[in-house]
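Some structures to go through are shown next.
Heads up, the next two complexes both have chain A, just with different partners, chain B and then chain C.
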Partner chain A sequence: MVDLIYTVVSLIVIVPLALFLGVVYSFLLRKLSARFQWRVGPMLRMYGDLKPLLGTSRLLQPLYDILKLYGKETVVPDVSRRRLFVYSPYLSLIFAVAAIFFIPFPGMPLLSGVPYSLIIASYLLIASILFTILGPIASGSPWAAIGARREVELFLVSELGFVLSIFAIAIARQSLVIWELSKGAQSVYLALLTVTAGALMFAAVLGKLHIKPFDMPEAEAEIVAGPYTEYSGKLLGTYYLSKAFLLYGLVALFISLFLPPLATDVLWLPLYLIAAFVLVFLLTAVQVLNPRYRIRNAINWYLKVVIPLGLLSFIIALAIWLVV
Partner chain B sequence: MGIMDKARIYSPWLYHLHCGGCNGCDIETLAALAPRFDVERFGIQLVPSPRHADILLTTGCVPKQFIPMVKRVYEQVPEPKVVVAVGSCACGGSLFYDDAPENYAILGHPDLLIPVDVYVPGCAPKPEAIINGVVQGILKLAEKRAKK
Partner chain C sequence: MKFESTPDIAEYVKKEIYPDGLEYVPLRENRVVVKVAPADLAKVADLFVKKFEARLIHATAVDLELKGFEVLHIYDFSKVKDRLVVVVKALVDKDSPEFPSIANITWQATWAEREMKELLGVKPSGMPDPRHQFLPHEWPNPVESGSVPEGYAFDGSTTTKEMYLPLRMPIEEAYQTLIPIGPYHPGVIEGQIVYVKVEGEQVVAADIKTGFHHRGIMKLIEQRGYNKGAFIAERVCGICSAAHGLAYITCTENLYDAEVPDRALYIRTLLVELNRMHSHLLWVGVVADVIGWKTGFMLTWGLRERVMDIIEAITGNRVNYGIWRMGGVSRDVPQELAEKAKRTVDDLRDECAKLLMLVADHPVVKSRLIGVGPLTKAQAYDGGAVGPVARASNWKIDVRADNPPHAVYDPKVISWEIITDDHCDTFGRTLVRVKELLVSCGIVSQCLEYLAKTTGEIRIKPKTVPLGAEAVGLNEAPRGELAYYIRASDKDSSLPHSIRIRTPSYRNNAIIPLMLVGSNLADVPVVMGSTDQCLACTDRLEIINERDGSRKSMTWDQLVNLSRRVSRW
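After this line comes the complex of A and B, so read on.
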């Protein structure tokens, strides 16, 4: 009974917490990429004389962006398939929030202990991204259609890397429950697998979040704003919200699968946060150091680098399962 | 001031509408976004689609061929919105417009087509002047909300 109440309470607490962390990670992405480009970026402490007008800190800048979008007019194009266009952002948000329920946070196992939670979480993450493709296709804009098509192509290869990486870990550890995977003891062989499968998952996260070499779905100035070209106001805000949850979810999933036992006990919280910030830092470094790939180059790169790495991870995982 | 009004002031997004200038103002506008002036400090971002924008930044004197595009981009920006005209051409037509257009291909300043809220004169205006214009635009944005 106590467990049930604790789970329900933690499910309620995790939503604002995940939003806050997602917003902070997005802020870090923006701030660090600005620092890499010799800019200042959103200010952590505003200049003294501007504080009355511009607020004291911009730590929550991505949240202000979302709130502002909620206060704006929402334009629905005449040529769009209205229902799919309007509901897709909300469905994307619902799936992203549902996915974070299955990913543990230090001190909160949430629903990650249910059987097959690894598969459920990965499906929910995929479903959230699926609706960022369906909505733009329904918008009737050629730019959105091109962006969505690019997203589908990228999605196919990055998803393959994602699935190979999580199943390599699952085979090696003989479990499909995230909670069990996130608390398991480390061994030398598993550390080797963590390196290869972790690199694979990192590459997949780059594709899922549209980090720089793989940002061709939203290629600004090339295909306007890609999938989001026709979205405005509340609907765009909802997409940004689901993106913040997705960023939190993917970072949390990475830590719980590849850095056990950081996502288990509440005492690991400081190390968990440090690991998350390091991961965001690495994502930012990749973003600022790379130009945008063409879709063909991206697919080639995934096929030449990521898939062999995935197969290698699978061989290591099978060896661990059979031998160790 | 509620959190929504604050959010509107904290995160103004610009859409840069180049309607037939000489590129001088556009280069200065980009300089305002680049490392030296970096308006992202205050949450200002350049967005690629007019549907995401709060502030429409126009540069240049509108040629007649460009009339439908200017109107359409203006209509695509969701309310509340503010138009900032950057440069002498966008403010009064500069040397292309003297009571009437000086050239058969020119309509004149964008004010003849769409309501402009802030004028930033100069040929080309400095990035400081453009940032000041955008700040005036933000203040107008806050006022527009207050009226509703």
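After this line comes the complex of A and C, so read on.
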């Protein structure tokens, strides 16, 4: 009974917490890339004379941007398929929020202990991204159509990496429950698998989050805003909100699968945050160091990296399962 | 320094190049006017282009009121004879202003003839492409020709939606496969439309429509005289303002028997090369931005800022320098400043070399640029590419060497080289610009060294411009060859009768469709950016059409009122 109450309470707590962390990660991404580019970026500590005007910190700047969109007019194009166009952002958000319920946070196992939680979480993440494709296709804009098409192509290859990576871990550890995977004892063989499957997952996350060089679905110089061209106001804000949750969810999933004990006990929280920041730093480094690929190059790159790494991970995972 | 002509150059043209002209008039600095009958224009073009491999610089027309229209074809003969430029003139009647089109002989005349036809009403007969280029987007098409593009059922009753027929395809097909890049698109800052017909992400056909920036710059100069003209000419383009200033001054100095002190010539070279440096840095940044590399954009623009600071220290201005005067420059560079600037430029050169080589070696950058927007040397020659676009196609063309402006580019005094590259694609254009930037650093450094060591006067008072004089002034702008033609008034010695500007982007934009076909949709902004297109330059070339101008113009007070009303909100 106590467990049930604790789970319910933590399910309620995790939503604002995940949003906050997602916003902080996006802040870090923006701040770090600004510093890499000789810019200032959003201010962590505001200049003294601007404090009365702008507040002491702009840590939540990405959230303010989203909130601003909620105050703007929402335009729905006449040529769009209205129902799909309007509901897609909300469905995307719902699936992203649902996904984070199955990913543990230090001190909060949430629903990650249920059977097959790994498969449920990965499907919910996929569904969230799927609705960022369906809505734009319904918008009737040629830019959105091209953007969505690119998104589908990118999604197919990056998803391959994602699935190969999580199943390599699952095979090696003989479990499909995230909570068990996130507790397990480390061994030398598992460390090796963590490196290969972790790299694979990192590459997949780049594609899922549209980190350069894989931001071609939203390439503004080529196709305006890509999938989001016709979205405005609340609908666009909802997409951005689901992106913040997605960022948190992917980082949390990465840590719970590949850095095992960090996502279990509340005492690990400082290390968990450090790991998350390091991961965001790595994402930023990739983001600032690379121009955008063409979609063809990106698929080639994924096939070159994903297939060998995926096969390698699987061989290691099978070896661990059969031998150890 | 005085600018001498080869003696008897008109005789040379008559004897060696074209003996059948009606009249031969030598202008200053090896420019020769050859008057011919209008019907002979095509014959002359054929002879010049095929036999002498002369290059058409510009084709234009001047309205001489009651006398008729004077059609001008300006050819570059610098490969035949040192600095020779031949201006072929034909007087056509106002009642029937017809003359043969030369666009079939040299494709480079296509845009120029369309422009003449649209804005002056002359009729080049036998034009390969009768559609309008510079008239407003909504203007009915085909203009006044009655000829119908293939595949389109034209019954004479166009609606506004069907007026412009890109790529000569039926309207139903256009709705399905035609993607308009522009007039306002995040990939290109200025207004133009590039229509691309796509199959998947593959571009199978492309067309370009310009005419969104009519400013009437040439008319402004015609009404304000030679001295104020220098300031207006600078404002043709915000990036290559020095190049425009120098080309204009070269042209006006060729109207009279000019003399310019050496120190002024060095200051001119200094500014033009600093201008080229910041323009090329800007270009690298823009291309980095277009391929999605914000970091490259920020870093190159950071370096550009330092070049701008040097310019500001020298002239007091960052964008329009305002130091160009007939007979010299208005502002000296003090010796201490020259020394200080030289140290900064030398530091900057090392940093630029490091950063830009990093950009050129980045694997993803390479994958985005190599093989994109191919342009062979033959295509570049036929299409009339100029500047870095032509040089990246391994065509050694540079006005600074062929037909130097009134500045110091003498290889005996200043060591510099023409950069060419045989990649023939966007990557080649990047390498050419990057290397040119370093060459410009070298030229700037040498100029500053001279200025730090010497003193002297910077301006000699200009003489009165003779009535009815004519001149051609050329300069190598960062984007390529820039040509000015000025005809002095017959009545007032302080006013030009007419002025014509041919900017480099005018040429390079015309060949963009050629480079686009076969590329990926993702590469369209890169290809468009690779010519470093400056649309404001291209369109400011035009005279405001009176019919259109009267309809859309707005007085200064109205604009001010409008801005106040907006700001009050």
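By definition in this document, the second predicted complex is superposed on the first by the 324 of 324 C-alpha atoms of A that agree within 3 Å, B and C clash if a C-alpha of one lies under 4 Å from a C-alpha of the other, contacts with A are read in each partner's own complex, and residues count from 1 in each chain.
In this text, contacts are C-beta pairs under 8 Å (C-beta built on N, C-alpha and C of every residue); 3 or more make two chains touch, one makes a residue touch a chain.
Model, not experiment: these values are computed from the prediction.
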Q) Regarding the shared-chain residue A:224, is it in contact with chain B (first), chain C (second), both, or neither? A) both
Tell me the contact category for A:53 with respect to chain B and chain C: first, second, both or neither. first
Exercise. Would you check which partner chain A:37 touches, where first means chain B only, second means chain C only, and both and neither mean what they say?
Key: both
Task: Go through the superposed model and pick first if A:64 touches only chain B, second if only chain C, both, or neither.
output: first
* Asked: Taking the superposition as given, does A:208 touch the first partner, chain B, the second, chain C, both, or neither?
  -> neither
First (chain B), second (chain C), both or neither: which does A:243 touch? neither
The chain contacting more residues of chain A, comparing chain B with chain C, is B
So, A:234: does it touch chain B (first), chain C (second), both, or neither?
neither
Shared chain A footprint, chain B vs chain C, residue numbers 37-39, 220-221, 224
In the complex, the residues of chain A that touch chain C are 33, 36-39, 142, 146, 212-213, 215-216, 219-224, 288-297
Chain B residues touching chain A in their complex are 3-4, 6-11, 13, 34-35, 38, 40-43, 47-49, 51-52, 54, 76, 78-80, 145
The residues of chain C that touch chain A in their complex are 179, 185-187, 201, 288-296, 298-299, 302, 362, 364-365, 367-368, 520-525
Chain B partner, complex, touching residues on chain A are 30, 34, 37-43, 50, 53-55, 58, 61, 64-65, 67-68, 70-75, 220-221, 224-225, 228-233, 236
